[in-house]
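First chain A sits with chain B, and in the next complex the same chain sits with chain C.
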Partner chain A sequence: MSDAFEAKILAFLCNWCAYAGADLAGVSRFQYPSSLRVIRTMCSGRVDPLYVIEGLKSGYDQVAVFG
Partner chain B sequence: MKMVETLLDICGIGRRRMALRWVSAAEGQLFADTVKELTKSTQELGPFDAQEHRLQLAAIEGALKSPRIRWLTGMDRHLTERGNVYNEKIDLETFQKMEREVAEDEYQKALLLEALREGPLSVREMAARTGLPVYTVSLKLNDLERRGLADLKGFEGSTPKFIRLAA
Partner chain C sequence: MANTNNDQKKGAVLVVGAGVAGMQASLDLASSGYLVHLLDKSPTIGGIMSQLDKTFPTNDCAMCIISPKLVEVGRHLNIDIHPNTEVASIEGEAGNFAVTVQTQPRYIDLAACTACGQCRQVCPATAVNEFNQALDLREATYMRYPQAIPRGFTIDREVCIGCGLCEKVCLAEAIHYDDQARQKVLEVGSVILAPGNEVFDPSRFDTYNYLNFPNVVTSLEFERILSASGPYRGHLMRPYDREEPHKIAWLQCVGSRNINACDNSYCSAVCCMYAIKEAVIAKEHAHADLDTAIFYMDMRTYGKEFEQYYNRAKEHGVRFIRSRVHSIEPAGECDLRLSYTNEKGEQKEEVFDMVVLSVGFEVGQGTIELAERLGVELNEHHFAVTDGFMPVATSRPGIYVCGTLQAPKDIPQSVMEASGAAAGTSAMLSEMRWTETRTRELPPERDVSEEPPRIGVFVCNCGINIGGIVDVPAVREYARTLPNVVHVEDNLFTCSQDTQVRMAEVIKEKGINRMVVAACTPLTHEALFRETLLEAGINKYLFDMANIRNQDSWVHMNDKQKATDKAKDLVRMSVARAGLLKELHEKKVEIKQSGLVIGGGVAGMNAALNLARQGFQAVLVEKDKELGGLARRVSHTIENLDVQTYLDRLITQVKSDDNVTVLTEAEVVGFKGYKGNFTTTVQHGPDKTEQTVEHGVAIVATGAHEYQPKEFMYGESDRVMTQLELDKLLHERTNGSDPATWSNVVMIQCVGSRNEENPNCSRICCQSAVKHALQLKELNPEMNIYILYRDMRMYGLLEDYYTEARKKGIIFSRFELDNPPVVNRNGEGVEVTFHDHVLQRPVKVPVDAVVLSAATLANETDRLATHLKVPRNAYGFFIEAHAKLRPVDFSSEGIYLCGTAHSPKLISESITQALAAASRAGTFLAGKTLSVGGAVAHVDKTHCAACLVCVMSCPYGVPRINEENVSEINEALCQGCGVCVSECPAKTIQLSHYEDDQVLENVHALLEGVM
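== the complex of A and B ==
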């Protein structure tokens, strides 16, 4: 591991909202950090609270849900 | 998700380890800004040690699976705006207070059950492992015994040792 700490964030993205938003951010070439690991879900409402805990258990520094 | 935030606060990990944000398909800039903001705040928090919080995370899972929490989650608007079957409306503050109490109770019980996975423990050992006060351990253990989830295993000298039952 390198000495500098780089935050790792697990993100659940709603297919219809945030995922498209992220796509747009990419297409428009908006710069944003590479700390996000994305999981696309068909709706952010189907993200069980247990997934958040599972994410933290797996070693992510933060778990984010984007709707 | 509010319940997860509450539970993260209760166990000492803190709600800043999770985030719930709204970004529409048209808001590319907002998405980029949000990612920047979250990365910055997580960077400030530092790395998360999952191993160190193993017991707490397992307890949160246990609490989230408990019927009481599953029934209560998402009932805030129903109970504060529409009322229950007796047509009684509860104000939001009372509801949140109760929600917090239930979350704390279920979390502490789940935490004890997780600690007991390691084998028979005395009340003092459970308190040391979970960081809960001895009195709280004693109270919750009593509850677990009544529900048939934990039981007295035997005595080590004059110290009673307890075990987890089934599941």
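== the complex of A and C ==
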């Protein structure tokens, strides 16, 4: 186990664009750290600012919204 | 066996070619109640569009916008895709054809193949990758591109060494080396040809050295170079040394507008735009400054908002050099020297490190032979012969055409034509609707709302795609420990047909009322697993999917432990969410079987008539006393077709059709309701009688008008006129103003177009000028005719008329926007002074007539647009839902658009678009009922303060404050994006299936494992 800091990232992905992009990253076998965790939403506009706060409050280091 | 009973029409249609046009025609027809056989000679659908990087003028990623269509086609219950298949022969006649088709062996059984890709991983044989235009290699066992439909591999036996490795690793037992070619007969009522074009092979141009210099590429190769899924993964590199180029040149008209080195005299209609796009996108990709130069003859940016795209490219620093490049010679090790003559006649040279040849379209030899087998006539350029007033019908009744076989064209034109061809078919076969289509019979749904959650978790190995990285048994056993889970299992392929059947049994047997599948991605498989639930009698919303392949095993291949941990987290999140999911019930709403068509010009009349012939009622609303619109002022088309005779016939047909009601002197004064159930108030007749029309769809065809010039002495001298006014003189030939008596005529192009006030190109004025110039020459061959232009935009097959005009001695002289011609009074007459770009000096000509090619401007539609709540651009033209793939739909469903209300266009193009709008409308109406509700937003009115935040934030304009003074969201209109839910300050709106607690449960459950 490496002790290097790896940010825990919560990402909200729009179903129609960013989520499809994350799938394509898989098809293309692009490797990225497993500490990024994804929640699919029907639109990036569905991400209530409260979810972002909730994510940070619960312990994620970063929260990202892709759309 | 061919059916010998010719009276019996068929309710099935054959579509030949599965590019974007073939797919659109298939989707329209299949949703309109016809069984569609969609053929493609390649192993996959998608055509040339799937190879493009970005698309103009929106710079959307081509694959991103086409892949939902691919999936829709692949999933449609009434589209049978026949890959690797061609038409062998045809018998019969319109309404009843027997078509023999030949399918080449694929060596992989599509019914068994799960597209896991193990076969490709082990394949030792390689071949040139034609999808990437031979810029890299692929395996002998391959899928043309990752998003391909049908989702399945194929073996290229030309290069396969028969080693048997793929057969050994294929756990689905899908490999069949002994696969054979097969023939079958399809019985169909109609055939739609959409085989597309090939791109020109530039190796025939020896002075361009395409075969000798690797850094000379075709535009299609350059698309693949730019593409993120291409051979260089989207990194801008040149083939010779894989270095990033700093100077790229595009050479236009390679294989187009040329009868010296090839036989293609026509313009390919798309290359100017794609070259600009490639230059702009290449600049975006480049890490350092990239110098881009486009060498061209005329910049033909004639489509909707294309001129603005061209202007923006100039602002981005793309250089435009008006010249035809003579030759490409080597410079240094791998750079390229271009020699050309500029407009002033000076010899120039410039060195570039990469050259892109903007290759044109060409009908392939295979298509020429196909047309012969089908008995469909082709013209001298091998494009299908069609009638200008029925541009989607071929010479053989019952066989329609769309896309680039009809003529060179871009994607939106192809999509429109595809829907137009579908409309032709649908009108012909309307009584056979729903006779051959399939429906799915489902068991009744069990009410589980009172039951505690009983969750079944199915973990997929996906061959070894997941199981090879993620410890699937460990994930399965972990799932067993989660709350509410009553059943767990893992499957080799969860999506395979036999597993699906067994899963439905397990669900029933174990009383499972929530299902979680941990597998690939919901984007491709959610619909499939929801159907499994429906088969088991469970509401389809009681399902969640954990993406442990695309977003786990495939992206963490080097750390099996972390991939397994993440898979457990994702399963835990799905299980937690599944426990909170609620059953959602969609409601059926009747669709009124009629359409309102607004505008009684050529477009509106064609739309109304086609709807009527499809069997629907149509109400046609025209603001004038007479039908006909702008076409009333056009006597002939450039092909010399008689517009007035056509118009009279069309008006008679419209007025005599029992399904069409015509309201003249009419205006829409009220509009309410939603898709399928609109109520419109129309005032019509001299007394403004008010009438209420109930209808399921609306088609906007409000047309355009000719700009009344303020420049060039228009209105000050009767010798200065517009093209439409000249048309009238040419038609009437009255004494005193007979154009035959003229000896000098000057036409001035772009009057009121392509300037600061109106940056749009009006598309049709170049051909109006050439058409009238040719007619004048016909009347008096001695007449001197000058056409003063900025770019001659004789796109597609119109180029032939431009060539003819030059041959007949019509003089074309170019001017710049900042140095326009000057019209002055000269005694009784007028004279025109212009700068001749060949002589490089001003020329003064006394003339009998100055003809201004005035812009085409949108008609006034302020009130209508407000009533319908549909958007218009800054110039009054209506805005379609998507410039590329939804060219006749509005984003508000149930409302469609056609004709010059969309943008300036020719009569033939208006007719095509009108048919397209009628097809889209028919597709919607044919469903008869509409499912509404499901995952949509709901307002709890007890806490609504009517603050209007939802009203303002909804991207679709759905919420409204109702009579009770609270927000109301029509579930038929809601798109389920949830923006209003996030914005609502009172938290009184919830999005079903994505309620706050359901999403927050995701956040929390996902986190546990990360901490």
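Quick note on the criterion: the second predicted complex is superposed on the first by the 63 of 67 C-alpha atoms of A that agree within 3 Å, B and C clash if a C-alpha of one lies under 4 Å from a C-alpha of the other, contacts with A are read in each partner's own complex, and residues count from 1 in each chain.
Quick note on the criterion: a residue touches a chain if its C-beta (ideal position, glycine included) is under 8 Å from a C-beta of that chain, and two chains touch if they have at least 3 such contacts.
Bear in mind that the values here come from a model prediction, so they are computed numbers and not experimental data.
With chain A as the common reference, the superposed partners chain B and chain C fit together side by side. By the touch criterion defined above, A:40 lies against chain C but remains apart from chain B after alignment on the C-alpha atoms of chain A. By the document's definition of touching, of the two partners only chain B reaches A:7; chain C does not. Taking Cα centres throughout, chain A sits at the apex of an angle toward chain B and chain C that amounts to 110 degrees, reported as a multiple of 10.
Judged by the touch definition given at the top, the superposed model places A:18 against chain B, while chain C stays out of reach. Contacts of A:59 after superposition on the shared chain: both chain B and chain C are touched. After superposing both complexes on chain A, the closest C-alpha pair between chain B and chain C lies 5 Å apart. In the superposition on chain A, chain A positions 17, 20, 22-28, 30-32, 35, 49-50, 58-60 are in contact with chain B in one complex as well as with chain C in the other. Looking at the complex, you find that chain C touches chain A at residues 64, 67, 146-147, 228-229, 233, 521-523, 547, 549-552, 554-559, 562-563, 565-566, 569, 573, 935, 953, 955, 976-979, 981-983, 991, 994, 996, 999-1000, 1002-1004, 1006-1007, 1010-1011. In the complex of the two chains, the chain A residues touching chain C come out as 8, 10, 15, 17, 19-20, 22-32, 34-35, 37-43, 45-51, 54-55, 58-60. On the side of chain B, the complex with chain A involves touching residues 1, 3-4, 13, 16-36, 38-39, 41-43, 45-48, 50, 53-54, 57, 60-61, 64-65, 73.
Within the complex formed with chain B, the residues of chain A that make contact are 5-7, 9, 16-18, 20-28, 30-33, 35-36, 49-50, 52-53, 56-67.
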